[in-house]
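You will see chain A twice below: alongside chain B first, and alongside chain C after that.
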Partner chain A sequence: MPSYELAMVLRQMSRPEIVSVLKRTAGTLLDRGCVIRKLENLGTRALPHKISEHGIVHREGTYFNISFDAAPTKISDFMEEFGRDIDIVRRRIFKIEEPEEFQCTLHEEMLPPAYRKDVQEMIDIAKRKQKRKFKYNSGLDYYPFQK
Partner chain B sequence: MLQFARVAARSVATSHRAVVTPLLNSAITRRDFSAPVENKDQPIDIPNPFEKERRVCILCKHNIVPDYKNVKLLSQFQSPYTGRIYGRHITGLCKQKQEQVEKAIIRAQNCAMMPTYHKEMDFMQDPRLFDPEKPIRPHKY
Partner chain C sequence: MLRTTTGVLARLTINESKTSSSAFALEFVRWRRKPRWLPVAKSKLYRVPERKEQNAEERAELMRLHNNYKLQMRSLRQYLREEVLRLNVTTTADHIVLTPEQEEAEFARCMQENETWNQKIAVERNERLLKERERQAVEIRERLEAARVREEERMERIEEIVRREKELAKTFITHENLETAIEQALANPVDYNFSIDLQGNIYRGRTTLPGGKGTPATSGVQDTEVQQTIEASN
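Entry: the complex of A and B
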């Protein structure tokens, strides 16, 4: 099962209410055969902008993050289920992926254009696209007759 | 006579040399290029001493992977006036890191962790990683 991360914003509530909402969401995940790895509280604070959800305008929220392993087919069910929950202002599910290893290419990018690989490729493409000119093989660099 | 004239010309050309004997001169004219020549003035094989030091972007240097929960870091790449993400010519990041930063910022904005039309007021006094007035590469604006 791939790992996923549920980022959600709960509406402004008292502590016991928040606990009940968390229990509800975690129960939904566990009922569908998920494995919960981590539960993070990112704190209560003012939202960056007002959000209108379920007919109410929200200006403050509590941020929570739940890491879990689930079958990929279940993700849309979770989104639908949490979308119906009026205590959840916003929910997003992201796949947790290992960052790819790579070398910093800033040095190559800062070279003058003629030395950059992508520019050289572009020049090659432009050359290939140019229409071929007929060669007369007359040894002259001009056409000797009237055209 | 002709041989002497050639010697005279060569001695003028290599005037700093001590003595050019006709025998040595003839040896130079019929030099075998395949044979190794013992000469201190010949170029030696060394790495380019004028090569510039390899530049590494600030996130690669400290090995930072941008994460959408790290809003304080991400907001440093956001304009305080419009909330837009600064381009690569301003941030000075490598291609991959810039892509990761942009992805993380959009993700954070999507999760309502970051504002989209301005920079978070708490992070306005943060140290600046770059100067938007002085882009590292000229651009059309």
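Entry: the complex of A and C
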């Protein structure tokens, strides 16, 4: 099962209500055979803009993050189900990807252009593309090619 | 095609009416001859060409000469053909004639030579096939070994994943510990925000300021990290 991440914003509620909403959400996931890896609270704060959802205007929300493993076919069902929940203002499910491995090459990129490897390669390519020219010190007293 | 006719002046005087009032007599010659699809001209429709008279004596003489020529040529050709056929049968100039014993011996010799060639080639072939078989065997062994190593590595990777997941499985949230997990989460809000200064110091938290001011809204581990980074920056 691939790993997913459910990011959701709950409406402004009292603590017991939040607990019940979380229980409901997590219970839905668990009932459908998901494995919940992590449940995080990202805090309560003002929404970036007022959001009208389920007929109510929201200005504050509590952010939650649930990491879980689920069958890919179930994801649209979850989205549909959480969309019907009037306590959830926003929800989105992301796929968790393996972080890409990379190496810092800043010190190479900070070099002057003439010392950078990619610039040198480009110069080489340009040189290779240049048309061959008759060298006048070749010892011949005539231009040996068709003009 | 345009062609200026010669004798313009003469033509002008004679055929004044034909060339109308043109000062320059131009004749348009579009076709060299009558096209194939045109019918016989009306004026030549019922014309029967006259047959030329032939002299009877002259005709008889020509016939005699013609017959003579044909007869002589035919007999000459027949004679030559017969001569060629006769020569083909009797002469031995272009091929060697052998007696049956000689033929038998020649055949035996050819067979023997063929046999020796075959043997030589068979030896070479066997050597080559043997070498190829050995090479194939080595190749197959190498590939088997590579496949085994690959499979081992794969199994190792899988084992590693399984071990990691087993380790993580202790922290998974189930129906039993769901309530405690929710309590824990509500009690400890997580903050992934951070800022970074030119020295590369990381200030974790949404409202953390360099110098320890602000309210660090992070868990304990991150708090100590922030403190360390702040100390390092100071």
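We take it that the second predicted complex is superposed on the first by the 101 of 147 C-alpha atoms of A that agree within 3 Å, B and C clash if a C-alpha of one lies under 4 Å from a C-alpha of the other, contacts with A are read in each partner's own complex, and residues count from 1 in each chain.
Convention: contacts are C-beta pairs under 8 Å (C-beta built on N, C-alpha and C of every residue); 3 or more make two chains touch, one makes a residue touch a chain.
Source: prediction; values computed, not measured.
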| item | value |
| --- | --- |
| Chain B versus chain C as contact partner of A:93, first or second or both or neither | neither |
| Touching partner for A:70 - first (chain B), second (chain C), both, neither | neither |
| First, second, both or neither for A:10, with chain B first and chain C second | neither |
| Partner chain(s) touched by A:48 [first = chain B, second = chain C, both, neither] | first |
| Partner chain(s) touched by A:34 [first = chain B, second = chain C, both, neither] | neither |
| Contacts of A:26 with chain B and chain C, given as first, second, both or neither | second |
| Touching partner for A:61 - first (chain B), second (chain C), both, neither | first |
| Contacts on chain A seen with chain B and repeated with chain C across the two complexes | 42, 65 |
| Complex interface listing, chain A residues touching chain C | 15, 18-19, 22-23, 26-27, 30, 35-43, 64-65 |
| Partner chain A, residues of chain B touching it in the complex | 54-57, 60-61, 65, 68-69, 92-97, 100, 107, 109-117, 120, 136-137 |
| Parts of chain C lying in touch with chain A, wherever the complex brings them together | 168, 171-175, 178-179, 181-183, 185-186, 188-192, 217 |
| Interface residues, chain A side, partner chain B - complex | 7, 9, 42, 47-49, 51, 61, 63, 65, 89-90, 92, 94, 99, 102, 104-107, 109-110 |
